[in-house]
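Note that the chains are named A, B, C, D and E in the order they appear, and that numbering of residues resets to 1 at the start of each chain.
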Amino acid sequence: MNFTPIVRDILSKYESDNPGTKANLARILMQGRLGGTGKMIILPVDQGFEHGPARSFSVNPSAYDPHYHYQLAIDAGLSAYAAPLGPLEAGAGTFAGQIPTILKVNSSNSWATSIDQAVTGGVDDALRLGCSAIGFTIYPGSEDQYEMMEEIREMSLEAKSVGLAVVMWSYPRGGKLDKAGETALDVCAYAAHMAALLGAHIIKVKPPTDVLWQPEAKAAYEKANVDKSTLAARIKHVMQATFNGRRIVVFSGGEAKDLEGLFTEIRGLRDGGANGSIIGRNTFQRPREQALDMLDKIIGIYQGKM
Amino acid sequence: MNFTPIVRDILSKYESDNPGTKANLARILMQGRLGGTGKMIILPVDQGFEHGPARSFSVNPSAYDPHYHYQLAIDAGLSAYAAPLGPLEAGAGTFAGQIPTILKVNSSNSWATSIDQAVTGGVDDALRLGCSAIGFTIYPGSEDQYEMMEEIREMSLEAKSVGLAVVMWSYPRGGKLDKAGETALDVCAYAAHMAALLGAHIIKVKPPTDVLWQPEAKAAYEKANVDKSTLAARIKHVMQATFNGRRIVVFSGGEAKDLEGLFTEIRGLRDGGANGSIIGRNTFQRPREQALDMLDKIIGIYQGKM
Amino acid sequence: MNFTPIVRDILSKYESDNPGTKANLARILMQGRLGGTGKMIILPVDQGFEHGPARSFSVNPSAYDPHYHYQLAIDAGLSAYAAPLGPLEAGAGTFAGQIPTILKVNSSNSWATSIDQAVTGGVDDALRLGCSAIGFTIYPGSEDQYEMMEEIREMSLEAKSVGLAVVMWSYPRGGKLDKAGETALDVCAYAAHMAALLGAHIIKVKPPTDVLWQPEAKAAYEKANVDKSTLAARIKHVMQATFNGRRIVVFSGGEAKDLEGLFTEIRGLRDGGANGSIIGRNTFQRPREQALDMLDKIIGIYQGKM
Amino acid sequence: MNFTPIVRDILSKYESDNPGTKANLARILMQGRLGGTGKMIILPVDQGFEHGPARSFSVNPSAYDPHYHYQLAIDAGLSAYAAPLGPLEAGAGTFAGQIPTILKVNSSNSWATSIDQAVTGGVDDALRLGCSAIGFTIYPGSEDQYEMMEEIREMSLEAKSVGLAVVMWSYPRGGKLDKAGETALDVCAYAAHMAALLGAHIIKVKPPTDVLWQPEAKAAYEKANVDKSTLAARIKHVMQATFNGRRIVVFSGGEAKDLEGLFTEIRGLRDGGANGSIIGRNTFQRPREQALDMLDKIIGIYQGKM
Amino acid sequence: MNFTPIVRDILSKYESDNPGTKANLARILMQGRLGGTGKMIILPVDQGFEHGPARSFSVNPSAYDPHYHYQLAIDAGLSAYAAPLGPLEAGAGTFAGQIPTILKVNSSNSWATSIDQAVTGGVDDALRLGCSAIGFTIYPGSEDQYEMMEEIREMSLEAKSVGLAVVMWSYPRGGKLDKAGETALDVCAYAAHMAALLGAHIIKVKPPTDVLWQPEAKAAYEKANVDKSTLAARIKHVMQATFNGRRIVVFSGGEAKDLEGLFTEIRGLRDGGANGSIIGRNTFQRPREQALDMLDKIIGIYQGKM
């Protein structure tokens, strides 16, 4: 597994990390069909926690089985598979060493009365399950945002000391934020920036709209003539906002749309310089063959072939 | 004690657990009259904590004595006996090694001002008392649900590291949930799923009604044509929702009913593929002979003889 | 698994132990074909460590496989299987819960230059592997005997705190002892007594000869007219020397002999009140069918049928 | 690096600190163009956390890159560079040993619903990143002020035990305070005093106005005829309020103003005996050449040349 | 990276290990040109510790640079690279994730006055350096053998708990053993067996000669007609002695010989069922191109092509 210059370059930007963490980042960057390109596609399956099993899996009942997702991620040539504790415990033995895994260490659910998540896994779990990273969601803007940041601070420190990587899902939500604000360009860039400030290795945010939500930010954007006319331009700004490209940033799919809409969006992500995508529901909520076909096309887009 | 293929198959699904935990799961699966069938009946006696002694035991005063329950579980050929710290301390010496025990490590009471439980036991207690598992109740949906999940996360990690199994009672309650919601099919499946996501080895939920509570879930169930016409169909769905049968799920008795109603319900659980029942009040709130007779019939149902 | 009066009586003598330790003793006492009789047969396979693999297994090559011994102990209806770390790791998953295991936590080998053993396992290993006990060899009389005693003191304390039982192999050896002394009646009784003094739950010694080795002891035995005319009489004395029967004592086979000689010896052990036998080489150094046949007969002797 | 008498004198005032902490204070005091003068200029870049990336950096896009700030601080001959975890991780390897760094260990953001900050870094991080100090913001007067003080108490203790220095940003805010009060002379002096009381080695406050906010304080100031007619006089009072000059105090820039206004203010700080300035936005929100020019002039002022 | 049946089968034999350890074993088994075959070649570079730098590297001065060995192992398509702390620290950043590494955690040197090794690395080092395994040498037979076994016992437990694999070099040496004995068949098989008993995942021994050293062993071998006529037959016996093939065993090169002699030996290892080779001096003590050529041929042999 000789590294490509692009992977070598990305790893060189994690200059404070020990070789163990770099090795785990490298595993993700070298895995699957995008291995070596600096791009990645991660399959996250935490919808069951967030929306319950039936809303997540009844449309494609094979997906009730934790092994289904491991196998799908492997067969599709993806870069990593992310899930909470239980599903990893249910498959980590069978699939040990076949694909890098990310233990999602906090989780919310549909019945929550606060905008927060429970810590449901830890660094010790990640080590015993052979994971390459822990994953943590923060809700910048929520009433509980500082507690969440303090939780991930402690877990990050521990993870980094034992050679694991840290993935942060940064989802602005709650508090003063309204629905339009959650995906506004200034808010998305700010959320990505905060994850970088908190020491994340890989940052996951939503693709931003062209809304500018905070009045003071709007003024700054307009003064600086930040281009927000296309998705690619907005993604480029988000990459800039995360240490000018020194951190890996991946994007979730935006609003529900048809496949052509999704592919168009992926092209925008690619053209803006995103490191890749995290694609959950769009993957496991369609039949396996269709999912493999869709992922094949997305990989093609990131490879620049489509 | 040569294992049956069904027990071997169940154990093989706990692929991340150490042999110590597997041995304790095996002890429960091989104990009593259902030993080797993959089915189990657990006697839980934590009613005293929840409803006080008189409401729990005055109808059958022998049940005030902790030894009574041990002996009853043994004589009836049950699979395990679950109780809080005190009652186990009061009988664990006398009955050491005679029946697997589950230390219920959190407990609520009737006077509580929040929907939460106190942690009243721990892994060290379970080891010194010779227990095979710890048991923990979560109340998904309550204001304190995240703290409860964080408590069991830590205790699970510790329990698994010393070879104990983890049983979770998952009872949706509080917050946005109303009474009908607590036992709705979507809610019950979601609650069971969350326990699986949290890493439970054995999951205990209530038998679901045919209500669909959350509007978004209702839409998903209807779109996917999930059969909810019979209890067996609903149980089958709950089993599917807990990793497609990769985790042991047992059910409490539903609403108060006569014995025939109970037996009919047990047949529904069995036909839906449940791993068994947890039967507390129905057992110890009737005279011993009647309880033994009732349990004999329930065992017969799970054995497929009735 | 209702206990017999004899098992209940034995357990009652371990009055300072927690229920966890009692449960593990009970598991051994209730296992296999001698379950409930107060007698036990343990299969120990640490010959590979002591004498090397070929001297141990080449006569019956199936015995090179750690699974062979697990299966043999189960199929023969024995009470427990004892082995060092590696063989238990190699089979504890497959055979989890099928037979109580004893982790031999120290080991010697043929090339040793001192009369000592290395600590090669621990209480944490025993828990994760689902063992019921740790086993430890002391060499009373050797230059290193005090260090060995101090090692087992610490490990015993830890084992007892987490509900494990402690088995001690007490083999007088080295120092002032000569070959005849090692198996002399006074020495054997003294060795068994020291293990009891050190807090062992189960003590393993060799069947004593009628030699009296220490002059001062000889005087005492003669003064008190201790009967040493038969093996049964000598065993009775050893049982007396281990807290007058308050501790479980099992015996290894003596010198190599034919099967009839072995059965005669077992009858002597039984008649003297021994709790049973530890039979290693005699078991795995003959073909499986012959071993099963031999063990069947030994079980018959302990059951009083032969 | 032979120390000047003034540096020696300053260090002598930290008489309870261990040599490790003194060495780190010395590194800051001996660094850059003000090295040896007892004066210092610190570049803080935590605006991204407080105001988001675009409001902070879009006016000078090079500043999106964490390396930019390190290099600017080095090239300008500043004394130290302060930033949150992420930016230090992104540059600490490249710039290791080139300039003292201060890990800002707590951080707020624009969307906060309380006047508080999240702990986002720690002493372990500061050590592994080679920092000379930790920096912490307190908001005296806010609802959460006591929790913040308790947080820094614990972190200070830990920092001092491992030879790090402690910098406190003391910003009166929230609670009973109004806008005018936040920068009033009595409030500013009180805030600086509290940081000294809490054990800070270096204290950062805003330059005070001539407002006296608290009636009781006003009475005292008037009774004692405290001179507040000039900035220099007010700074002199703040220095007095921080142990009569026994602690290093640096000041942020006041309200937005033109460069001449800024230089005038710096002269006031100098003449009042301040130990220096912390200058963030004024530095990185203008093109690099202009920033270097501005800093050159400020250094000149502190050197007494302008 | 879908696994081959042979890799799946090997991993299934480590039935007590957590998925983390299995993943690290899988990484070694899937790496390089032998990935997926169940065979492996490991490059060990600890000669500098044992014999000093000039005796190790002066014949091929490029080998003084730790990066040389990493690159050679990668370019040759080997399975893993093993070295002490310093060389791994010197290259683990550059080569992070490119080849599995084994941290050799104990080391001897030429000036030693005892037959022992110093512990020179640990599990924490292995994690921060991204290693897949720790490696440890025992000298069965030496005066210090028990202390060595106790050291690896503790380190193994810790390594396994955090998902690392354990490699043991088992070299009989010292005490009663003479030179011929060190490589005798009975001694080699015993040494391999002891490493398996101690819980090693991968065992490294020397290819045995046809000498039988210990008289008691000689008798057993002759009685059992153990075939020792060819190297393949002897290797087969060693594999049998390590849990009948349940553990991975690799062999060092034997006595100095020409390349043809080496290739013949490798064929013997292959035909006897060895899992592969550890080849140090033969690799780095010849020019890089020659080394690559030699390794290419050895890989060809293990692939059954030569």
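What to note about this one:
Convention: a contact is a pair of C-beta atoms (placed from the backbone, for glycine too) under 8 Å apart; a residue touches a chain by one contact, two chains touch by 3 or more.
Quick caveat, the model's predicted, so the values are computed rather than measured.
Graph distance from chain D to chain E, where chains that touch are one step apart, equals 2. Within the contact network of the assembly, the step distance from chain A to chain D comes to 1. Distance from each chain's C-alpha mean to the overall C-alpha mean is smallest for A. Of the two interfaces, B-E and B-C, the higher number of touching C-beta pairs belongs to B-C. Ranking every chain by how far its Cα centroid lies from the centroid of chain C, the top place goes to D. As a whole-number value, the distance joining the C-alpha centres of chain A and chain B reads 36 Å. For the pair chain B and chain E, the distance between mean C-alpha positions equals 49 Å.
Rounded to whole angstrom units, the spacing between the C-alpha centres of chain B and chain C is 39. Averaged Cα coordinates give chain C a centre that lies 72 Å from the centre of chain D. Residues of chain C in contact with two or more other chains: 92-93, 124, 128-129. If each chain is drawn as a node and touching chains are joined, the picture fits none of the line, ring, star or complete shapes. By the definition given earlier, chain contacts exist for A-B, A-D, A-E, B-C, B-E, C-E.
Chain C meets chain B in the complex at residues 1-3, 11, 18-27, 29-31, 74-75, 92-93, 96-99, 124, 127-131, 161-163.
Interface of chain D with chain A (complex): residues 48-49, 51-55, 58-59, 61, 64-66, 84-94, 107, 109-114, 116-122, 124-125, 128-129.
Listed in rising order, the residues of chain A touching chain D in the complex are 13-17, 140-141, 143, 145-147, 149-150, 153-154, 157, 161, 172, 175-177, 186, 189-190, 193-194, 196-200, 214, 216-217, 220-221, 223-224, 226, 237, 240-241, 243-244, 246-247.
Looking at the complex, you find that chain E touches chain B at residues 15-16, 18-19, 161.
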